[in-house]
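Before anything else, here's the structure in question.
Think of it as A, B, C, D, E and F in the order they're written, each chain with its own count starting at 1.
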Amino acid sequence: MNDYIGLGVIFIGILFDLFGCIGLVRLPDVYNRLQAATKCVSLGTCGIMFGIFLMEGFSGLGVKALVAIPLIFVTAPTAAHALARGAHIAGVRLWRKSVCDEYEEEKKQVGRGKPFI
Amino acid sequence: MNLIPLFVAIPLAMAFVMPLFGRLSRLLPDLLGNAATLALAALSCAMINLPMMVYKVGGWEPVNGVPIGIYLVVDGLAVLMLLIINVIGFAVSVYSIEYMRKYTDKARFYTLFLLMMAGMNGVVISGDMFNLYVFLEVAAIASYALVAFGTEAEELEAAFKYQVMGTAASGFILVGIAVLYSLTGTLNMADAGKVILEQGRSQGALFAGALFLMGFGLKAAIMPFHAWLPDAHPSAPAPISAMLSGVLIKAIGIYALCRIFFNVIGLNLTTSYILMAMGALSMIAGVFLAIGQWDMKRLFAYHSISQMGYVVMAIGIGTPLAVLGGLFHLVNHATFKSLLFLNSGAVVYSTGNRDLQKMGGLNQRMPVTGATSLIASMSIAGIPPFNGFWSKLIIILAAVQAGYYGLAALAVVGSIMTLASFLKVQRYGFFGKLRPVWKKVREAPVFMCVSMVLLALLCVGMGLLLLPGVKDGLLDRAADAVTGGTDYSGLVLGK
Amino acid sequence: MIIVLCPLIVLMILGGVVALEATSLLSSVVLLGIVGFGLSAAFLILQAPDLAIVQIVVETLSLIIFIAVILKTTSKDTSTRGRGRTPHYVMAAAFALIFVLAASWALASIPPFGMPSLRMAEAYLSPNSLLQPTGAANLVAAVILDFRGYDTLGEATVLFTAVMGVLAVLRKTGRKP
Amino acid sequence: MSRIVYFIIAYAFWLLLTLSVDWQHLVTGAVVCGLTTMIFGKISISRARKLFQPQRYFWMVLYVLVLLWECLKANFDVAYRVLHPAMPIRPGIVKARSSLKTDVARTCLANSITMTPGTLTVDMNGEGDLYIHWINVKDDDAQHATQMIVKRFERILKRVFE
Amino acid sequence: MNLDHLFLGFVASLVALCFFCLYRAWRGPTVADRMVAIDILGILVVGLCPLWAIYTKRGFLIDVALAWILMSFIGTITLAKYLGGQQLDE
Amino acid sequence: MRGMTPIVKTVTRGMAGMIFLYGIYIVLHGHLTPGGGFAGGVMVAAAFVLVFLAKGSPEAVSEAKKERSSMAESLGILTFWVLAMIGLIGGTFFYNFLTKGKPFRLLSAGFIPLNNIAIGIEVAGALFAIFITLAVLKAGGKK
């Protein structure tokens, strides 16, 4: 039984990976791509890991897959945040149809070109 | 207790200890470094006249006749190379006591120097292809760093060029080793030689041979692959130039080439023609490029290419006499070329200049340097009583004997051109009128003189190696190891 | 296995080509990451986890070191493109072509992957004991640290040499004034 | 105090990795975790006292559940936007304000925001202002944005960490 | 069709997804896009590790996944620091 | 502000220890599971690199750290050499002089774990020294 649930979870995980990758290709600028890719791919990978855990139980493989989940959950958003901030400071523009950019305004107030904070 | 691993272990230990304690006192790096090289020189002298030895690292005996551990093999050729490396290394390290005062961070210099020695010794005593590669890399990387040791712009550039070429060469060698491994299923050179002999030389072995030829040719700076040498060797500090030109290109170039081609793959006619052609080309072209140079060290560096050409050509001819001459020339070249570079270092140390056009009459102010450089020049040009004459004579005789009259003629021409270019060095550098600029120049410090005199004595005395009793013990056995070819396998594996 | 391995190799080759074509050095370094990651994944597929771990850690660390170097020097690719370099390109292409042809001619004589006469490997797994004679469960560790420990000393020395070289070359002053 | 807590966490991680109760592993683990605590313990945990208040763990579990639910929602949201032929996105960076005080809480909040539907934390300054990239901006006013994005986690995180 | 083929299919599809990343890394108008692509590629391969471990029945392959997560985090942080215009030592 | 954003700093505070621990796990279990001295050593170095990156570090401290990691490197490789030399005294170079133990236990396989530890220390020191040298290098001289 666990095997089939595990397989299902793995399948859903790979599906999420697929959405993330499509987003990576389709969306128009770095920030949107980060949005799609980080969320979908990290959750997809977590899904795979969890499915493996369900299939394997508390063996060496299963437990390490379980350990990997919090690690992914902590590192992936942090990396995405660091990349987004770096890209913004490096001067990567938002998509031209973007609505607003309050971060840019704040940066201009604090000092020209200097990374603020 | 068998002493073979000590050739690697001693310099490595000193190199590892140096960064820990080198800062404690100013004398300590000199002391440790020279102690290590002295011990190595003594050890290598103790290896003369011992029978061929096989050392199984880790005590792993072969299983079903397949060696599973690493073998260290010391045969005649290896003993010869060990002698060259360690004796020259000792002379150079004595020389560097004074010379390297001009540079900062002597401890690191000795660390890298000892690592280079360890790498070369490791290459020579190894009986395993991958092990050979590893120690070749140790020696090569240490030499890249040492070329750039002065950290001036042109030194860094030369080192970069050297490193790019050296890395390409290492890549070729590694691929060659991989091909041979997948062909024979073993890394042990003796075992691989046996398997190749049984299988017959297949296309894979030829391909590996071509790769090795490119790789070791680059390391040895044989003619089509020589471009890095004239930049790299002059840029290094003088003791390192001496090591590079005198020993390194032989140990990780010629020696490894001989080992792989004669003992593992086995030489055939095509390969020997290629070797002869490359040797003759570098012999002539090197000397023609050298004769136009005015930079003293650069001129010497081009001569290294040319003299290596003699060695490669002789080894390519492949008759016992030719191989003997080639190996003898290898030894001789190690002594006189290191001596020449040490001389140039002494000149640079005292005058800060190495342009021949600005020198003149230095004999009056620097008698020891002048005299030793005269000996070395005569030696490299092949003037009779000195060692260079005998080896060139044997090579030419062997070429005639084997029926390659053209090569013999080329060798004579090369020798004459060498004489001409060294007459130029002596005429502009050491003889003639002393220029007023150099009135206050002083002779190099005592340790530098000691090592130069030591090498000059070697230059004079080395002709004695051809005396019957001495020749059997050293040169003949080395030549036997080369010309014996794939008998090597049987000797090592003990069948 | 081959159905996974082939796409990975294509990925690596394409990544390498793209990395060569990138105009900024930073892009090149980042794109080289694809090659490194692909190589690591290929090792994983070939069931060589030791190599995969080493590849991934080395890839990351070399990425960091590249970045450190680019930060200190320049991120522009200053090599001249196109003009005046055509002979070099032709020579390089000819060499590559000859090399590939020779290799494919020569490597045909080599036994296929996975079933050469693994003479040494058979000897490592000695028949009279449960594992190898060293008692290590991981064959790779047994080979690199015991059977061929001397090699590993050499490799550690290579790293040591490289570090000493870097520290020596990047001194503040080379010669005493 | 904080070091002991760190040691326990490290030891738990070690046990999960080795998954063995052999005495050799246990002793080695103790030594290794001691080393890790010596090197990294000082910088890692600042207020260990909070770890011994059980009600926080209840909220922690709740927080994880909420986070997972939001994550799932986020994925379907992204999938919808990506797969929709017209790509219904309206991106922009808005400013939101959080009232959390400690670094750990703020970090958790920022990462949670990154994992939830359509938002990505771009930067956070010392006063707790979050700059959030929003894939579908509904309101670029700071107050409303705060209300929509931040509040749902803030309440729980306050209970967990402060 | 047994489970083994299914897992092989999973792994193959993950490898196929890597090509999306390659496309983005190739086309990415800015360096940041390429970095995102590499980051995502890393996480994708992390998912590949345990699947392959199950397929080949060699559980220890999962060690690679953990190493991969941790190292790719460090790599991305370095790249981000570079993008943010800081020297590595400030 | 020195270093990176508070988010990265906070995550680093937690993750650095885990990376370090995982590196040591790989080193110590080199003879049982994949990995070994080299991979683990690099991960240990990477943990320190991560802290360095996130916090930023004043130059004076870095010089001292460079010296220390260079020393650690020398010590590590010296240990490896000594292990090899003990074998030489007892018989041959690199003779595995310890008992082999029972397979799959942590203390097995003779001196292989010790070698792994020595290499791990060496590699960690080496790579951290290189990183610091390159990171704090002031590009001087001619531009």
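A few comments on the model shown:
Simple rule for what comes next: contacts are C-beta pairs under 8 Å (C-beta built on N, C-alpha and C of every residue); 3 or more make two chains touch, one makes a residue touch a chain.
Quick caveat, the model's predicted, so the values are computed rather than measured.
Listed here as common contacts of chain A and chain E: F.
Shared contact partners of chain C and chain F comprise B, E. Most remote chain with respect to chain A, judged by CA-atom centres, is B.
The chain pair with the larger count of C-beta pairs in contact, out of C-E and A-D, is A-D. If you average the CA atoms of chain B and of chain E, the two centres end up 47 Å from each other.
One simple way to say how far apart two chains are is to compare their mean CA positions; for chain A and chain B this gives 57 Å. One inter-chain figure worth recording: chain B and chain F are separated by 36 Å, centre to centre, where each centre is the mean of the chain's CA atoms.
Mean C-alpha position of chain B lies 29 Å from that of chain C. Shared interface positions of chain D, defined as residues touching 2 or more other chains, are 13, 17, 110-111, 121, 123, 126.
Counting partner chains per residue, chain E shows two or more touched chains at residues 21, 31, 35, 60-61, 63-64, 66-67, 70-74, 77-82, 84, 86-88.
Residues of chain A in contact with at least two other chains: 20, 22, 34, 38, 42, 59-60, 64, 67, 71, 74-75, 78, 80-82, 85, 117.
By the contact rule set out at the top, the touching chain pairs are A-D, A-E, A-F, B-C, B-F, C-E, C-F, D-F, E-F. Within the complex formed with chain F, the residues of chain C that make contact are 49-50, 52-54, 57-58, 60-61, 64-65, 68-69, 72-73, 130-131, 133-138, 140-142, 144-146, 149-150, 152-153, 156-157, 159-160, 162-163, 166-167, 170, 172.
Within the complex formed with chain C, the residues of chain F that make contact are 26, 30-39, 42-43, 45-46, 49, 66, 70, 73-74, 77, 80-81, 84, 93-94, 96, 100-104, 108-112, 115-116, 119, 122-123, 126-127, 129-131, 133-135, 137, 139-140. Interface of chain A with chain F (complex): residues 71, 74-75, 78, 81-82, 85, 117. Touching chain D in their complex are the following residues of chain F: 5-7, 9-11, 13-14, 16-18, 20-22, 24-25, 28-29, 47, 51, 105-107.
The part of chain F that touches chain A in the complex is made up of residues 1, 4-5, 7-8, 11, 14-15, 18.
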